[in-house]
């Protein structure tokens, strides 16, 4: 039976993160179909994710948002994140949060690039969590970053610096 | 059968946001009736929304408030928002939060105008969430703002700047 | 059948807010009896309110407290408020929070006066929420304040300034 | 039948607050037995309290901790307090939180003294909440402090100053 | 019957904390087996822990993470901690949180050493909570620290300073 991956994004975001996620998921492999929703802002994401899980039988959900730069936006993002964690606990289902803060990039080109890369990398995490969780254990403690270059593990760097 | 849209606002607010919401909803189309409540302040909104959903069978609710400028008001707004998200998770029902912070506008004229516009735009979001959710998917990633001009998507601006 | 209004205050407060609330409620009208509790501090209020609702069948509760001036006191008040909102959501019952922060008044006379007035005004809100909720709709957006002078609605002030 | 009072403290604390609480409770009177637990830090307290209530049938619990001075310690204490309030709401049972922040005292002697006094005074509050709740109503609004001198009610001080 | 200890860590961490925990647990004694999971970041830990408890019958879980230095990372860690406490309350099961903040150490060597030591010491706490809870009562109020030297109890230091 096909598994279901929910994808929810916002009209507030300046990049269509939902479509990027759907495309990347398709590239990860088969065995699932995606169900797409869009809500106004990040604070609408928690219940949208929970409905996808409980009313649309999704096995995992991606929650995509682009919080603004202002203090009030940071508070909104925090509230949304708390709600997304709560929704997971109420459903025993992973919801992979993909938030790109508008002040993480210097210009629009950087913002778009960051949103694309982070969404893609988390789409792969979503796929692994659902279908190949043991692949994540192999990445444990390796300093993975989504949207930015990985920083790598501490031990390997130590080892190489010892070699020199 | 008629759907039900709950509308709750506060006596603390300096603009009758509930009446603005009711009028705008009526202009969006038919197929529903509104149920109105007013509570003292934003911290009373979460349970009022939940009661509208569970005791008055509302299918969606608008939670309208105008938090003050002081630090303590910001904390109240934060607590109210957390409660509104929680109420949604407990009921699997969208509650569209419409908060206008008193320090978002320079003078009273601006405050009234902002409260009117944000309430109206979110009334339309509420209508779409209930009756035409696919219309929101079409707006995904388009930088919508409620009460202020939309900022638009990053990609389109990039494209036009490339054309010049 | 008589309705029940719970009244909980604290030993930490420097004003007997519970007694003020009980007296003011009595002046609002009949049809109910009050059930009084006192707990050590504001963080003990949430469960005390919930017990009044679930074990003593209260239809609504007033939660009265006087948080201190220090940073740690502000955090306590925040945690208490979150708990009070949660208690409401778990019971579908209004709990009217009446907090007077010790730094809201300049001296002891002002603190006592503020505590009395805010408690009285919220006692009337409590009565209206239980018996005459439509009276609150008439006050929607009128800039009500409890313990301080009302600031009034934005629109009326605008209108009068246009007349001159 | 004997009532049960749970007592939980931490290995992180620099004072054996659990033993102080057990001794003071014994001095308050009879009719109960105490059940003792110790966990690593304050964030382990909420579930330990809830297990004492639901698995060991405690009627009330004391949660004792000594958060450190650093910013991260303050956040830990805040999270622990939120969890303790949540545990109370889930069980309709009082949990008396006794936290002594390491920066509340100037030296070790003061820290030990504060921890002892606050623990003892809250042990008495715990006893009153369980066996004599009406005694707390008599202390309503009297400015009680645990571990420091009581500040007293506002009204009495006003009255005496009027007399002069 | 063998007890089960869940171990969850992250790919974000720069040290394989999960493997360190598994090894140290094995050194603590027998009577249990470990079940390992790895998730992308600390915000994915709460639901992973809850699933280990409810779907994999774990009796206790270690939640291991290494939050970054930035303000946004501190918020993530806070949200994760709140979720971990909530997961414990929903399952009446201890989850021992082991977070190493990247700014707790000056260099990479220190970071690795801190992560190793804190993980090991909390693995022993986990073992004690599950198999020998009375051993923790003996450590009550002794100023235990995980990953750094213990600070010890206040009373003993006082005593020794009195002797001089």
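By letter and in written order, the chains are A, B, C, D and E; residue numbering begins at 1 in each of them.
Keep this in mind: a contact is a pair of C-beta atoms (placed from the backbone, for glycine too) under 8 Å apart; a residue touches a chain by one contact, two chains touch by 3 or more.
Every value quoted in this text rests on a predicted model; they were computed, and no experiment measured them.
*Asks:* Degrees of rotation, nearest 5, to put the Cα trace of chain C on chain E?
*Replies:* The best-fit rotation has an angle of 145 degrees.
*Asks:* Where the centres are mean C-alpha positions, what is the separation of chain A from chain E, in Å?
*Replies:* Going by mean C-alpha positions, chain A sits 25 Å from chain E.
*Asks:* So, what's the distance in Å between the C-alpha centres of chain C and chain A?
*Replies:* Here the centre of chain C sits 41 Å away from the centre of chain A.
*Asks:* On chain B, where are the residues touching two or more other chains?
*Replies:* 82, 86
*Asks:* Assign the assembly's chain-to-chain touch graph to one of these shapes: line, ring, star, complete, other.
*Replies:* ring
*Asks:* Can you list every chain round the ring, opening with chain D and moving on to chain E?
*Replies:* Result for the ring walk from chain D toward chain E: D, E, A, B, C.
*Asks:* Could you pull out which chain E residues touch chain D in their complex?
*Replies:* 74, 78, 81-82, 84-86, 88-89, 92-97, 101, 122, 125, 129, 133, 136-137, 139-146, 151-155, 157-158
*Asks:* In their shared complex, at which residues does chain E touch chain A?
*Replies:* 9-19, 36-40, 43-44, 46-48, 50-51, 54-55, 72, 75-76, 79-80, 82-83, 86-87, 90, 108-109, 111-112, 115
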